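Letters A, B and C name the chains as they come in the text, with residue numbers starting at 1 for each one.
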Amino acid sequence: MGVTFLALYFFRRFAGFAVTLFVAALIIFLLLDLLPGDPARFILGINATPEAVAALRDQMGLDAPAHERFFGWIGGMLTGDFGISTTQRLPVSQLIAERMAVTLPLSLIAMVVSIAVGLPMGILAAMRRGKATDTALMVLAQTGVAIPNFWFGMLLTLLFSVTLRWLPTGGFIPWDEDPGATLRGLILPGLALALPQASILARVMRTALVDITEQDFIRTARAKGLTKSEAIWRHGVRNALLPVLTILGLQFAYLIAGTIIVENVFYLPGLGRLIFTAISERDLVLVRGATIALVLVTTLTMLVVDLTYALVDPRLKGRDA
Amino acid sequence: MISRKSLALALFGLMLASGTALAQSNEIRIGVALEPPALDPTAGAAEAIDVVVYQNIFEGLVRIDQSGAVQPGLADSWSISEDGLTYRFVLHEGITFHDGTSFDAEDVKFTFDRLLAEDSVNAQKALYAPISAVSVIDPATVEFTLSRPDGLFLFNLGRGDAVIVAPESADSNGTEPIGTGPFAFVQWDRGSRVVLEQYGPYWGDLPALTKATYLFISDTATMTNALLAGDVDGTNNFAPEALAVFEGNPQFKVLVGSTEGETILSTNNRKAPFDDLRVRQAMAHALDRQEIIDGATYGYGVPIGTHFAPHHPYYLDLVGTYPHDLEKAKALLAEAGYPDGFSATLKLPPVAYARLSGQIIASQFAEVGIKLELINAEWAQWLEDVFANKDFDLTIISHVEPFDIGIYANPDYYFGYDNADVQALNETLNATTDEAERQALAQEIQTVIAVDAVNGYLFELAQTGVWNAKLDGMWQNAPVEGVVLRDIHWVE
Amino acid sequence: MTWGAIRQHPSLYIGLIAAAAFALLGLISLWWTPYPIEQIAIARRFHGPMAEHWLGTDHLGRDMLSLVMSGTLTSFVVAALGVLIGVGLGVPMGLAAVAWGGALEWLVLRLSDLTFAFPAIVVAILIAALAGPGETNAIIAIGVFNIPVFARVARGGALAVATQDFVAAARLAGLGNWAIAVRHLLPNIMSLLIVQGTIQLSLGILAEAGLSYIGLGTQPPATSLGLMLRDAQSLFLIHPWLSVVPGLTIVFVVIALNIAGDGLRDAMDPRLRREGLAHGAG
């Protein structure tokens, strides 16, 4: 067993990954094909003549048969060609890359903040279980999860941008222009995104630790004379990282798409907003490209989490994760 | 990954760094709600395109000024033949496009040949249909021949749709616009901003501003905060509901002006029960215009009784044609065979004035028994349903084209009004050049459509700009779509 | 679980009662609200709390208390139907994966990956473009998000149960996969599902608010807490009250549901507690 088994598991998992992507692409394509609304009419507006609309439809290649367009799309993507956006007349891959330069760092900042705040909160609460600190921290965490993040984002702006004038109200300065300014612009949205994530993480960490303390090896450790905090610190935290890892994977996948609401509040050009505007402008080439990119990131994140799990946790090797 | 400690330090350092940098006194940052899909005004209808490029990057043969009057643009002067069918323009010489290529009569011909071509994707192609030929007399003279007289011809030449483009750059104007205007395109960070810079070799007077940045902020609360924090210096059209934040604040000036947007409750005249005049009259009586204006525009809209801009000299005040009168409305409904009212749908495009007016009108109509189902649609869907397929009962939309009463002479237009008298009147109007006669004809059409209650006439949309108090030179009114930077400057 | 157990867990008690109170407030709006919420009267807008309008009036002169009642109902209904979709499709998937195993399990996991791969917000954007925005749109988007969550929880819980002796005994006694799943696995993961349901309910209420905020959720003249918050957002500096009322209602409802969920979890059989509970990430 061991290596061969793991190899087999990896292979199956990769196959699954590929199938998921293909089916997702098919679903996206079919859904978009059903969309009402003529992209050409949208661009030209209410006073355009039918001939102008027809001319534009022709230019946009909207009238080819569906299967040709689908396989053309898949084939193109395999060679890195995501097509040309119909409204912006630019390669979709370039547009996605531009947006990823906002969404990825923003998600990372939110992750880092939520880990930096959430994990210590959870550990502290578990160590002081049942005491006032525990209660206070958990009340904080409950509230953190419950505040809608667009509301929180606006409150942050009012305090830090309008009143104190420490940080910009939003906007995105390209990284190559002034990285300091770019980062400053991402702090408030990062915080708004991190609040619920940190709260969730704190609760998961606390629960995992509390569960572990009740398990035998901690009891043994305590019997050997370690205090509760010491036992948690030495044995618990490492063991609690597994459930935390799962949550982190989920959170990252969520953040990549979930930033759209916060992007709106802080007028950031992220991937979520790209899809949002592209669909209202009926730029279907762009919508399907950006959507499949999102699906790719989420699926990839889940794949990495599962593979890490399989490497770390021997119990799982018997079954698929 | 960065260690937690160093990140915390970095954050702390950033917090200490002074807040928002103040803009240079010759730069401006303008917040706009919508991002243009592309930057070529000759290949798209979006107002957002004109907001960035009109008269800034691109110019036409003539230009529209703040009052809506036609002024010389790339053409220094022009002459019109007796019969109104030939226009000869004398072009300004020595003009270059931003890429260094020179501008002459050939560019004008190219622009209009492209606009009128079979495969043209110009959104307003129909406006230029009277042009039968454009000929180059010499590099500085160009002649337009029309198939019929057109009283609005010069004005239409001044629109964003008819700006002059060069054959070398026409195809890439959507992403990298090259025009002759006082500002040249620098960069477009999609989803975020467009940056323009003063074009040094500009042929006319150089503007005071050296740099202009357009920031795309769709959320009103965010726009408010960005203005308050000084992250943007102004916006040409701010949501009226939050204007109270800036009124009375000495750091800001609120500019309330007019637009060409007649906001109407468009009614599908082809469809029962709306094909019955009494039903349309009943609806007109059921509308409480003032409540709609207060509720949807916070009092900034100007009431209209017909399809015409109140600030236009031809405007006729017909607001009193069908006063708010519930009893009369009910009586008319009963007379038309709907004593208990009827049910209908109201399709609303994604703009605040339409969504709010829709809710208020539904509540007002409910009082006379007309039950409206609100259907909120996004633009693409709305255009397809209402405009292309004419599949709607009622909708609310602002018609922003200047002097667009001619749409009532087109029975195929989306609201389907078919009246031979109006069609004849409009034809005469188009062919008439005498001002007094034109006024009489336009007013007659205004009266007929008001009495016929073709649509519910609600209000003229206002333009409500919010600007830094130290800025001057902004247009208060919007006779055409755009934010013209030419005269904007900082005062100390 | 007994009432005694509930008394041992006061937070469960508080959470359940508070959540039920909000749900009841919403339910009452089906039959009665102080004022009809469609009734607009611009002349009486922006009133603060007063005798006729306990919570004041909004930007269209509608009674805020009536709106909160009706909005709470919408938020609950959207979130609850979202949970129902998740349970209805996710739980059978998870159970089947355990009972049959092999290729079916692989298929279920990939299906669950597939649904998970579509972020709720993107689903909502696509459906809104297809069928127009509205509550249905929000319900489906939240439901799709819930499917893999419940599939994973059900599978995790069922895996733990499946190794128990009584399941092996049942299999020996000749019970088919179907019968095992329904008679033995499902009853034993019920409490797990109830807890997860509470968590997803609170997440659903937040998700509805988010979707309404970007215009994809509830549409006027109907209302929801998220829509109220969105309408009030731009007026925050002028009439903060309009935003505080729905905002705090959301916060309280979500906290109540979470406390109830935590309490249920603590009161539950500790053997199951360690297995599989998925904490939704958003």
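We take it that a residue touches a chain if its C-beta (ideal position, glycine included) is under 8 Å from a C-beta of that chain, and two chains touch if they have at least 3 such contacts.
Nothing here was measured: the structure is a model prediction, and the numbers come from that model.
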If a chain touches chain A and chain C alike, it appears here: B
Per-chain Cα centre nearest the global Cα centre, belonging to chain: A
Farthest chain relative to chain A (centres taken as mean CA coordinates): B
Geometric centre distance via CA averages, chain C-chain A, whole Å: 21
Cα-centroid distance, chain B relative to chain C, in whole angstrom: 43
Interchain centroid distance [CA atoms averaged], chain A/chain B, Å: 38
Multi-chain contact sites of chain A, meaning residues that touch two or more partners: 36-37, 154, 158, 264, 280
Chain C residues counted as touching two or more neighbouring chains: 129, 233, 236-237
Where chain B touches two or more other chains at once, by residue number: 219, 221, 350, 378, 380-381
Chain A-facing residues of chain B, complex: 1-2, 4, 7-8, 10-11, 14-15, 17, 19-20, 35, 37-38, 43-46, 118-127, 174-175, 189-193, 215-219, 221-222, 225-226, 228-231, 350, 378-381, 383-385, 387-388, 401, 414
Complex contacts: residues of chain A adjacent to chain C: 12, 16, 19-20, 23-24, 27-28, 31-32, 34-37, 142-143, 145-151, 154, 158, 196-197, 200, 203-204, 211, 214, 247, 250-251, 253-254, 256-258, 260-261, 264, 272, 275-276, 279-280, 291, 294-295, 298-299, 302, 319-321
Contact footprint of chain B on chain A as seen in their complex: 36-39, 41-49, 51-52, 55-56, 58-59, 87-90, 95, 98-99, 102, 112, 116, 154, 157-158, 161-162, 164-172, 174, 180, 183-184, 187, 264-270, 273-274, 277, 280-283
Complex contacts: residues of chain C adjacent to chain A: 105-106, 109-110, 113-114, 116-122, 125-126, 129-130, 159, 202, 206, 209-210, 213-214, 226, 229, 233, 236-237, 243, 247, 250-252, 254-255, 258-259, 270, 273-274, 278-282
Residues of chain B defined as touching chain C within the complex: 219-221, 224, 239, 241-242, 244-245, 291, 294-295, 350, 355-356, 358-360, 362-364, 366, 374-378, 380-381
